[in-house]
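Structures are listed in the sections that come next.
There are two complexes below, and they share chain A, which is joined by chain B in the first and by chain C in the second.
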Partner chain A sequence: MTMVQSQKERYIPLFLLAPAILLMLLIVAYPVVQSIRLSFFDISLLMPARAKFVGFRNYVEMLHSETFYRALLNSIVWIIGCVSTQFVVGMLGALLLKCKFKGNGIIRGLTLIPWATSSVLVALMWTWMLDGNYGVINDLLKRVGIIDSYIPWLAQPNTALGGVMIANIWQGAPFFAVMLLAAMQNVSEELYEAAYIDGANSWKQFWYITIPSIMPTIIITTMLRLIWTANYMDLILVMTGGGPGYSSTTLPLLSYLTAYKRLRVGEASAIAVFQTVFLMVVLSFYLRLLQGQSKEE
Partner chain B sequence: MAKTFAIRKRGKSFLIFILAAFWLAFILFPYLWMFITSIKPSVELYTSPIRYLPSSPTFEGYRLLFDATEFPRYLLNSFIVTFSTIILSGSVAVCAAYAFSRFEFRGKNRLFPVFLISQMFPAILLVLSLFFIMKEIGVLNTPIALIIAHSTFALPFTIWLLTGFFNAIPRELDEAAAIDGANRWQIFRMILLPLSVPGLVASLTYVFIFSWNEFIYALTFTSDATARTLPVGLHSFMGEYIIRWDLLTAGGVLTALPVVFFFAIFQRYIVQGLTAGAVKG
Partner chain C sequence: MKRTKVFLSLFLMLFLVALPSLGQADTTLKYWLWLDDPTDTTVSELVDKFNSLHPEIRVVIENVPLKDYHDQLAIALSAGVGPDAARFKDWWLGEFREADLLEPLSSYIGEWPAKDDVIPNLWNMGKIPGEEEIYMMPHQFITFYLYYRKDWFTEAGLNSPATFEEFLTAAKTFTDPGNNRYGFGLRGGDGGQDQWLAFMVAGGARVVDEEGNIVINSPKAVDVNQWYIDLYSKYKVVPPSAPTDAYAQVTGAFQAGITAMMAHHVGSSVLMVEKLGDKVGVCPIPAADPKNPATMITMSGNVVFSPSQAKEEAFKFISWLTEPEQMDKWSRSRNGQLPVLNSVARMDHYINNEFFRVSMEGADYAIGWPPLPGVGYVSSHVWQVNMQRALLGEITSQEMLDEIARALKER
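After this line comes the complex of A and B, so read on.
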């Protein structure tokens, strides 16, 4: 028996959804359109009333600036470096947590805590650990003999972005681990038993049973992480401010700095619009890659 | 034969034990180091080679934080913003999730992906014009700007979580109650809501974590101590008290505590909600 919706009841869902739709329109849809519009104006953060329409000039200037290409390159390094390492570390973590051992439940519970920690806090902890004079990481590396003298990780151009990436990998890998673990636990034990009887070793079992079975989760989680990592600028902003120079500035951070340090909102909007389009291209490339792979199989 | 097998098995479990310890250290060491730093006397922070344990633990950093800085103000602001966001976002999401779970309507299958796509836009794209919008309606540098923004950005995932939890409650219960003469509101209040308490708590914990931790909107919508939340406050401390790491880490510990507390209690439900969608594909 199903409930028959009366004429009057047809308006109930509309009524229930109205607040959510209203907020989304006002706080997401309208600002997106508005920001695209701003990218065609010469507009100062402090005097928005004096905005002047300049057509595509902001985009042309963006494409002629060296810092833009630096930021684009940094963004690519940041996205690929962070997501791939998070995936590998997360996979290792998931395989470990899948094993049965004492205290497993507690460790699983603790695993997601970095994900629930504020970006500023992550930045604070890692800035202190990576400190060039009193950082614990320098101390540990020197004791083990990997480095001879302390390295000011966040203060020199060639290590600054890498230092922030380490903090981001630490924060993001547990998310991968938890998602992959949940997927692994859904794979039927019978598959492994059958493979064991057929003489497949652990490596073969992992490669031919685990990976194909959890593929949907790998695809979705990686996509979520790609989006999140590409737009994530909190850690860089707090740990290095994009510096020294622009050595650790990514596209979203360049947009932020252009608006809030140089007060040029029009140019900042152009960069933000580019970042959005760039992200869509990355995602479609990622999806195309997957499609190509599934055709091969 | 049996003996070597047993030894190999024991060797394997020993290896797993070592690896598990490594994983745990990887996850927890930054928090541990932050806590240790926060109870060190300030002279012991800057020694070379560094001192791992404090000679005499002190809570001086914590005392200074409350006596000499704006920290209490930031703490209060964070509580105001977070709890208002929970109430606003929670009630809007409950209504929407109820509609998604219990009604058929045109465009239902299209509306939800649209909500999720909104998560793809970089915060900076939205911040630039939201800044002017908030300024226009006169809420810049007040908690209201943050409450509205946080509530909206927490919505898609909260609705998604709640819809899943509502869907898990069999519709037959609704129908049985309807036959007994209960109206929609009574069914919602007396059946759906009580049965989805774990889901509700998990969803609201997500909103709590999101709002408590959020940084970019909080940074751009507040300009001084009157409206700053903890993440923005900590960020400004990092500029002001550059050589007072005991103070900074004390602030960090206190900022982390509420989240770790709530997360520890409800993590099972959150993980369940997080993984449900992705695992189903």
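After this line comes the complex of A and C, so read on.
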């Protein structure tokens, strides 16, 4: 009787979780499986009925395409550049906001504005600020004598991706600031007092107390930002459309352009599947690295 | 008594539920369009009028921005939730015809009373080479011309440019990067392919020859394209932002007094006059050889999609839109382009308007994109990427045109 009861109890959680699992299968697993399946087909968005199985041809063509490697390189620059700068700016912001000063509450609220602003609005705002003919950034730089003539930031291959990255950093840094600030506020003041009595200066307190204490938050927020930034293409699409040429085209944008401009769904799926696998490898490497480090500490 | 109350309550509920459908039309028609100025209410007024005149049909419009129009339409039709009829560009005819998504319209047009009023050669823009069938009902068309700052030209003692040489001389005259001033607003970004094609054909290049062979990468075309690229890379008479400048940037720079010339069409003339008054002048696109002028023409017509269950009603609506009164109202609006009806085009309003006059003159020698299946992809992506790469010196003029030729052939 007890055994039967315990078996029943074992199945109850499964039974209760079944609707959630079913929902997850429907909205996550189905599109993933469908994407993988489509990546083996030659299929036009306008003529889905004329789809033809082509095996690994889409992958082979992708790996032979110069544009793909350009987009991969841009993706790496975009992810590492945006996330690391957002982290540094966010950390500085969190340390500033942790200080007690008048109006601190209001400043904390205002900090979240970029994060809460819609991506398209951010993109349009920065597009006009960086405009090569009458952008305010060019105007300011010219007035203070840093540049002689206006620079078309988004129209030059060596500055286009950087221009979009600045917009992304501006938008994403508050997320880090708020998350890290929340974690810092949970670190016991006694630890800092003890360290102070032992003669630790501010840097040592930060390095040996703050960082290890907030490490779990750093890991999870950085991981989330890595995933979001890797898949994020709204800003690039609106600000440069991946141009000029392919100079700011990243992998998700290349996949989008292949699917919705060229209407080649199979090739677009192959790029998307590659990006997913690539991201999984990077993330597992990152998690092992950081978890190993925190264990050592 | 209680039973009667229950019965009456149920009857009342049933009546209330059925009430909204009593006044409803038999057929609901989904119509998609894009509007250059979405704040203009002319189309909504026209649709309301049609709905009141035809109580059996209810037209529901959906406005999709032109930038995403082709993609959204392809997705909607592929998912089986597309519109019954839509505003359409000649760019996409080949691609959608190949996918069997367009309803042949010749038999409907045969019975349409206003058919003889349409400017005859415009019917050809709704056809596929080698087919007699008409797939697109002409509605509005544009030809490209050149806006120029009349006041600057007068001050500099120059006439409006008629040749490539005069155009380049004028562009050089007005270029002064230190004062953020340039000769011409080159559109290397989104939608710039029409402006480019206007200069290409005016320079003597062609997309296809008389037999329908793709010749956009011929030596002649490579030369003209190189001249166009040189405006940015060699002569530097266009703003440095030209590779990514789209309509908003090019128009904004011209209106702000940053550029002296820009190529566009009658669709922006109302806005230009509002902003610049009599400082803005208009002239045909300069030609390499003035004896052989050419410009770019593009038609926005209306199509009926073959999966539609209401094809007759859809044709009734699109043909009604093309009739003189509606055509005149649309053409005079902020979204107005050139009317396709002779009776409307001959009205004083159009004949006395300089912008309409230059546009209509251009129609005599204008050349459009050929209705090949690859034109949709070229106009939505390939041209822009390769134009930008050529402007930035990443590829040559020949390589750019080879890419376009390849995409035009892609099925």
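The rule we apply is simple: the second predicted complex is superposed on the first by the 267 of 297 C-alpha atoms of A that agree within 3 Å, B and C clash if a C-alpha of one lies under 4 Å from a C-alpha of the other, contacts with A are read in each partner's own complex, and residues count from 1 in each chain.
As a convention for this text, contacts are C-beta pairs under 8 Å (C-beta built on N, C-alpha and C of every residue); 3 or more make two chains touch, one makes a residue touch a chain.
A quick note: this is a predicted structure, and the numbers were derived from the prediction, not measured.
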| item | value |
| --- | --- |
| Clash-or-fit label for the pair chain B, chain C on chain A | clash |
| Chain B versus chain C as contact partner of A:P244, first or second or both or neither | second |
| Partner chain in contact with A:N133 - chain B first, chain C second, else both or neither | both |
| First, second, both or neither for A:P152, with chain B first and chain C second | second |
| Comparison of chain B and chain C by chain A residues contacted | B |
| Partner chain in contact with A:P48 - chain B first, chain C second, else both or neither | both |
| Touched partner set for A:Y260, first chain B, second chain C, both or neither | both |
| First, second, both or neither for A:V187, with chain B first and chain C second | neither |
| First (chain B), second (chain C), both or neither touched by A:T276 | first |
| Part of chain B, among the options 23-31, 95-103, 167-175 or 221-229, whose backbone runs into chain C after overlay | 221-229 |
| Chain A residues contacted in one complex by chain B, in the other by chain C | 45, 48, 133-134, 260 |
| Chain A - residues contacting chain B, complex | 1-3, 5, 9-10, 12-14, 16-17, 19-21, 23-24, 26-32, 34-35, 38, 45, 48, 93, 96-97, 99, 101, 103-104, 107, 109-114, 116-122, 124-129, 133-134, 136, 139, 142-143, 170, 174, 178-179, 182-183, 186, 216-217, 220-221, 224, 227, 230-231, 233-234, 238, 252, 255-256, 259-260, 265, 268-269, 272-273, 275-276, 279-280, 283 |
| Footprint of chain A on chain B - complex, ascending | 13, 16-17, 19-20, 23-24, 26-28, 30-31, 33-34, 37, 45-50, 91-93, 95-96, 98-99, 103-105, 108, 111, 115, 118-133, 148-149, 151-153, 155, 159, 174-175, 178, 184, 209, 212-213, 215-216, 220, 230-232, 234-235, 238, 245, 248-249, 252, 255-256, 259-260, 263-264, 267-268, 270-271, 274-275, 277-279, 281 |
| Chain C - residues contacting chain A, complex | 71, 74-75, 77-78, 95-96, 98-99, 101, 177-178, 180, 188-190, 239-245, 249, 252-253, 256, 258, 377, 380-381, 384-386, 388-389, 391-392, 394 |
| Contact set on chain A toward chain C in their complex | 44-48, 131-134, 148-152, 154-157, 160, 240-246, 257, 260-263 |
